[in-house]
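One structure below.
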C-alpha cells in the first residue's frame, strides 16, 4: 500500500476498532449487570429505557461530564496517558480477529501471534497507571497486575499453539477454515486453558486481584475519575470481546465456512456465549490470593497446555 | 468545573440547543447515580439490603462503588462521631463534581437518638457537608432510601447544568418557607437548635 | 456432595472438612468449580426474581409497622365520643368498643357501664346539665349514687398507675347539684304512645331503672310501693347522713313527672292480688328487694333486746328513735349494713357501740372508707370473733359470749368458718344481727303458679331475669341477693331489655350480648416521684367526726364547682382517641423529641402545641404504648425524605395529618378554629 | 493520630539490614472493614508484619447516656449497640434488670424470647458469612446470605413492626404477643432454611478457591482463645467446647436438645463453617420451641412501668451470635441506673487481630478480620 | 460444684477472706484489698477460673470500685472480685499476665475512668482520641458539647 492509502487505511482501522470496543463496552456493561442480577435473584437495570438498555448510555454520558481529577500527588505525564496505553493495544489486537469466513480486517499470515503479542503492551499501562497515581493501593494493584498479566501469557500462547499445530498455519482465517468438528473433544483442555488464562489477562473473575474491591478498594485505577476511568472500563470490555471472538474463531470454528454477514453472525453468537461464560465465572467464584494465582499459572495451566500440545503433536504426526 | 459546564456557560445565548443537551445531561445524571456507601452503623445494614435481591437498587441505576473517585452521591448512613467526621469530609472532597450528599437515617440527619447526653456525636452531617436530601427513619426502610434517591433525581432536574439557569419544575416535596408546610419557618422554633450549614469546615473536635 | 461433619461428642460435632490429597485434590478442585457453576445457573434460571420494584410495586406492610407517628385528634378540636345508646343495644356498643380497644376502663369497670369519661369531659367543658342526663341514662339516680356508690370505676381508673384516680362519685353529686337549677325546664313528660302496660312491684333502684328504660321506649309503667314514701331499701335501709331524703325523693319525683304512675302505700298480695296484676298488665316486674334480716338460732336469741338489722334501720330512718338511748349496743356482722347500724346507733344516743366481725382485720367485707369513718366516730371494731351465745338474765340481754374464729373461708374460698377455743364475753344491752337478709315474698307468690325454691326465694333465670311464669320478670336484690346499689340498677336495665323483647314479641335469649367484663393489662402504682403535684386528686371535705354524730346531717360536704372543674380536667379520657396533653408520651420518649403544651382554663381546654421532631425520633413505639387515650399511633408512612431538615420537625397541624398512604410529607396540616396552631399574638 | 501513617518506619529485618517498611492504613471507611475500623498495617512487600487496629470511630458514649435514662428508655439504646443482632442485645439487658429487680417472667414470654433470639442468631450469622464471602470476592454469597436474612427480617417486621431495631424484649416480658398466623409463617421459614444453608455450604465452603483462601488463615489455638477471652463461634472454631446455652443453661434452653458445631484447626474456614452450621442448629431449636409453646400472659404483672429497683448491682450474660454478651447494671434506688456496662464479645474477639494477622498477606488480613465478625456498634459502644 | 462447695473451698484455703465472701444473688463476690488483688486473682486462676469475662469500674464518689468477673468451665458459678481504689491516685496492678483478655478491657477502663494499671504492656486510650482531655464515665465529667435533655421533661 502506498503512503497516503496506508495512512487512510490505518486511521479507518483504528476508528473502526475504537468504535467496536465502545459498542462492546456499551452492550457488555449492560449484559454483565443483567447476568449478575439474574444470578443474584434480582432484575438489574430496568428504568433507563426498555429493559434498561439505555443504562450504559446514561452512565457514559454522565462519566463524560464528570470532573477529571488530577490528584496532587500524581505524576501528571504518565498519569494522564496511562489509559490510552492500555486502550490502544487492545483496539489494535481486535483488528487481527477474523470476522467471517475468509475475511479479517488485518489479514496477515502471523495473525495469531499478532493477536497474542500486541495486548501484552497494555501491561505497561497498568503498571504506569498504578505507580503514577501516587496512591499506595494503586501501586500495589499495579505491581500485582503486571505480575499476573505477564505470567498468564505463557499458558495462553501454548493453548493457541496447539491449535496452530493442528491447523498447520498461523493465519487466523486459515485456522478457522481448517477447523474440523472432531477437533473439539481433542482440544477441549486447550480451550479451557485458553479461557482461564484470557480471563486472567483481562483482570476479571477470580483473577481480579489488581482491582480487588475488598482489599485495595479499586486497585490501579483508584485515582482515575470520569472519562479516564471510562477508558479503562472500555479497554477491559474490549479485551473480553477480543478474547471471545478469537476463541470462537480458533477453538469453535468461527463461521464454519459461511462468508459475509451471516458468517459474522454465527461467530458473534459463539463469542457472546463465551462472554456470558466469563461473566458467569466472575459472579460465582471468590478471588485468588496473589501467590495462589501465580501457582495456578505455572503449576497447573502451563503443564496442562504442554500435555495438550504433546497429544495434538502425536495426532498431527499420525494424521 | 466539568467541561460541559463551561460549554453551558458559553451557550447560554441559545436556549434551544441548551434545553435538549440539558435534558439529556439531567436524565443521564439522574439515571446513573453511583452511590458511595458511607455506612457507619445500623443504616448500613439497610443500605446493603437496598441493593440486594429483595429491594434492587441496581434497577434505578444506582450501583454501590467503594472508591470515592467513581461515585456521584455520597449516602451517609449511620451515626457520625467527631472522630469520624474528618474522614468523611476528606472522602467528600475526593469525589469528582457534580456530587450530591444524601443523609440517611436520623443519626446522620440530626444525631437522632444520640442528640442529647452524648459528647462524641456530630448532631447532623449538615454541620460539615452540604446535604441535598434528608431521609428520616431509624433505620429508614430500603424503599424510603430508594424514595430519597428518586427525590434526588427530582432535585437534579431542577438544577440545570448552566449556572444560574434553573428550570423550576413542579417539586414533589415542599421546601422550607412553603405555605403547605403549614407552619412558621422552623428556624425560629426554639425546640430546634438548628446549626447553620458550613460546607468546607470539617467538624470541630479535639482531633 | 455434602461436606463432611464428624461427630465429636454427645452434643458437638466438628465441621472441619479434611483437604483431599494428590490426584483426588485435582479432581475435587475442578469438580467443586463445576458444582459452583451449576448452583448459580440453577438460581439464575429459577424463574422471575421476587424483587419489589419500588415505585410501581409496594411491600404489604404489617399492621404493626412503626412508621411516622400521627395524632388521631386533640382536645379542643375533636369531640370525646359519648355513649348515648338506647338501653337494649347498649351492651352491643360496649362489647364493640372493648374489642376495638376503645372502651374506657372506668366505663368497663362500672356494673351499669356509666360513661364516666363522657361525664368528666362534659363537666370540664361546663356542660354539667348534659353530664347529668348522660349519667342518668344508665344510672337512674345520679344524685343518690353520687353519695352512696362503692365506686368500682375509681378502682379501675388508669390514673391509679400514675398518681391518684379521678373522683368520679363526687362529680356525679356535683352534676346533680348544678342540675337542680335547670330541673324545671329540662324534665318533661315522656311520650308514652305504646298500648301495652307494665306493672312494677317495689320502687327500689332496680325497679326505677327498669321503669325509666320502659318509659323511654314509650310503655306506660305503674309502680306499686308498700311504704308511704318510694325508694325501697334506699329509703328504709340507707341512713340519712349518707343519703339526705330530699335528694332521693327529688329524683324519684323527676321520674313521676316523666310519666311514672307511682302508687305508694299499696302492698301487692294483701291490697292488690298478684293474679289481678298479671291479668291487667302485659308484663309484671318483681323488684321487691330484701325485707327480712336473718337472725342466728343461737341460745338466748329470743331474749328482749335482740333486734334484726333491717328492722333497726327502718325504725332509725323513719322515726329517728330505736330505743337504744343510753344503752350499750353490740352489732354482729362486718358488712356495710352492720357499719350503718353501728353509726345510726351512735347518732341515736347509744353510749358504746361495738362491731363484732367474723373476718380478720383485712378481710372485713365493708368498704374500707366506711369502716374508717365509723372508727373516727368512735365505733369499736373487734375482729375474728363468732357469736356463741346471748347472755341474758330474766329475758333481758346483759352480754354476748363470742368464740375466737381462726379462718372464715376454706382453701376453695367457700364460707366454712373454723372456730378456736378462746371465748370472750362482751357486756351489752342491745344485740343487733346484721349477718344477712332474705326476701319476704309472702303474698306475691300466694297464687302458687310462680315457682319458689325451698328457702322461699324466687326461681329466676340469672341472665334473662325471667321467672317460671311467662310475662313475670324479677330483678334487683331479690334475684342477686345482698349487693351494691349500682349492681341492682344494672340488673334493672337487663330486666327492662328482657321485658322490651317480651312486649315486642321477640325471643328473649338469642342474639343477646351479655355485659363484657373488660380486662386491661395491670401495672402496679407508679412511684409519685416526678408527677406534677398540681395535678393530684382533690380530697372530699368531710364534716368533723365529733359534730357529725350529733344528728343525721350529711357527712360529705361536696366539692365546689371550681374544684369539680379542675378534678374533671384531670381525666385522661382513656381510649378516647383524643389527645388531652397529659405529657406521658413526652416523658417516656428515650430521645425527648416530643413537646406538649396545653391550656387548662375550664370550658376551653385545648392542646395548644404538640411538636414531634421526627429527626430525633427513634421509632421505638414506647410513646404509642404509653398513650392512655390511644391517640398517638404509628402510621404506615415510611417515605420520609425532605429537602430541608426543619421540615421534619412536625407541629400540631402536621401531626393531625391523615394517616393513609405511604408518603408522610404530601398532606397539609388541619387547622381547627377552636384551637389555632398559631396563637393570636403570633407566637407558636 | 498516634502513628504517622505515611512515614517509612525503619525496621531491622532478619539479616540485620535496616529495611524501610511501607505502612498501609486500611482506613475507617473501607468496603470490607465491616463498619468503621481502621487497621494500621506495616507491610513488607505483601506480608503484614504488624497490624494495629484503631477503634473508637463509632464511640457514642452509650454507657454514659444510660446513666441519664430510665430503665425502659434504655431498651431502644441496646438495639443500637449490636445492630446486627438487636433482639438478643435487648434480652441480655432485660435479664440483668430482671435479676436486679427480681421480676419473674411468665413462661410464654421466655419461649418467645428464645424463638426470636434464635431467629436473630440465624440473621446475624448470615450477615457474618455473607460479608466474609464478600471479603474473599464471592459477592453472590453475600447476596444469597442476605436473601435468607431478608426472610427472617420479614418475620420480625410482622412481629414487632421494625426491620432492624426492634426494642421488642422488655424488662418483665415482651412488648406484644405473637400475631395470629405468625407461628405458621415462622415454621415455614425455618423448615426451608437448612436446605438453603446446605446449598450455600456447597457453593462457598466447598469451592476450592474459597478453601484456598480460608484454610490455614488466622490460626487460633484453643488455649489462646480461652486466655484472650474470645467466645462464641470465634472460640468454638478452635475447638473450645463452651456454649452458654448448653453449659450454663439459662431461660428455657434446658428443654431443647441441640448440638454445638466445633472446629479442629481454628482457622477462618472453621470459624465460618461453625457459624453456618450454628444457624442450622438454631432452626432445630426454633422448631422444638414452636412445638412446646402454649398460650398465656407475655408480660409479668405487679411491677410499675417506671421501674425503681432496690440499691445494688447485677450481672447476667447470654450466648449472642458473637459470644458471651453480658450486661452489668448497678442501681442506686432511683428510676435511672447508676452504671450500665456491656461486656461486648466483638470487642474481646477483635483484640485477636493484632496476634493473628502478622505473617499473612493483606488479602488474608481482610479475611481474618471478617472471620472475627466484629460489629462496631458493639465494639465502640 | 455450686456456691456452697466454692465457699467451703475458699474459706478452707483463705480463712481471713471468708467473711468477705457473700453470695447474695447466686454468684459469689469476693472483696479484696487493692494490693493483694493480684495474688487472689492468681489463686483463683489455679482454682479453675480460666476465663476473665468483664473488667469494669464504678465511680463511688471518693473511691472507684473495680469489678473483675471470672468464669470457669468446671465450676458452674461465676465469681466477681471487687476492690476499691482511692480517687486521688487510682493505681492498681494489671492482671494481663494472668489473663491476656484483660488487655483491651483494662485499656478501656483507663480510657473512661483514668485508673492506671501497673504492668500493662501498652496502656493507651482505646475508644477516644489520644489527646482527649478528661475521663468520661466519671460522675464529675463536664463537657460543654453535651446537650442536656430539654427542661420541659
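All chains are identified by letter, namely A, B, C, D and E, in their written order; residue positions are counted from 1 within each chain.
Following the convention adopted for this analysis, a residue touches a chain if its C-beta (ideal position, glycine included) is under 8 Å from a C-beta of that chain, and two chains touch if they have at least 3 such contacts.
Just so we're clear, the structure is a prediction, and the values are computed from it rather than from any experiment.
Novice: Identify the chains adjacent to both chain B and chain E in the sense defined at the top.
Specialist: A chain counts here if it touches both chain B and chain E, which gives C, D.
Novice: Using the stated contact rule, I'd like to know whether C-D or D-E comes out ahead in C-beta pair count.
Specialist: C-D
Novice: Going by C-alpha centres, which chain is most central here?
Specialist: Chain nearest the overall C-alpha centroid, as shown: D.
Novice: Between chain A and chain E, what distance separates the C-alpha centroids? Give it in angstrom.
Specialist: Each chain's C-alpha centroid was found; their separation is 62 Å.
Novice: Could you give the separation in Å between the centres of chain A and chain B, each centre being the mean of its C-alpha atoms?
Specialist: 37
Novice: Please tell me the distance, in whole Å, between the geometric centres of chain A and chain D computed from their C-alpha atoms.
Specialist: 43
Novice: Just how far, in Å, is the C-alpha centre of chain D from the one of chain B?
Specialist: 31
Novice: Two-or-more-chain contact residues of chain A, please, as numbers and ranges.
Specialist: Correct list: 37, 39-43, 46, 213, 217, 283-285.
Novice: Hunt down the residues of chain E that sit against at least two other chains at once, touch-wise.
Specialist: 128-129, 136, 149-150 - these are the residues of chain E that touch more than one other chain.
Novice: If I count partner chains per residue in chain D, which residues reach a count of at least 2?
Specialist: Within chain D, the residues that touch at least two other chains are 30-31, 56, 59, 61, 64, 68-69, 76-77, 79, 140, 143-144, 147, 165, 203, 207, 209.
Novice: Okay, what are all the chain pairs that touch?
Specialist: Once each pair is checked, the touching ones are A-B, A-C, A-D, B-C, B-D, B-E, C-D, C-E, D-E.
Novice: In the complex, go through chain C and note every residue touching chain A.
Specialist: It comes out as residues 33, 36-37, 39-41, 43-46, 49-51, 53.
Novice: So in the complex, the part of chain D that touches chain A is made up of which residues?
Specialist: 22, 24, 30-32, 46, 133-141, 143-144, 147, 203-204, 207, 209-210, 212-213, 361-364, 366
Novice: Contact residues on chain B for chain D in the complex?
Specialist: Against chain D, chain B makes touches at 37-42, 44-46, 48-49, 52-54, 66, 78-79, 81, 83-84, 87-88, 91, 113-114, 116-121, 138-139, 141.
Novice: Touching chain B in the complex: which residues of chain C?
Specialist: Per the touch definition, chain C meets chain B at residues 49-55, 58-59, 68, 590-592, 595, 611, 613-619, 638-649, 651, 653-654, 662, 665-666, 668-669, 671, 677-678, 684.
Novice: Which residues of chain B touch chain C in their complex?
Specialist: Within the complex, chain B contacts chain C at residues 53-56, 59-60, 106, 109-113, 115-116, 124, 126, 131-138, 140-141, 143-144, 146-148, 150-151, 155, 171-176, 180-189, 191-192, 194.
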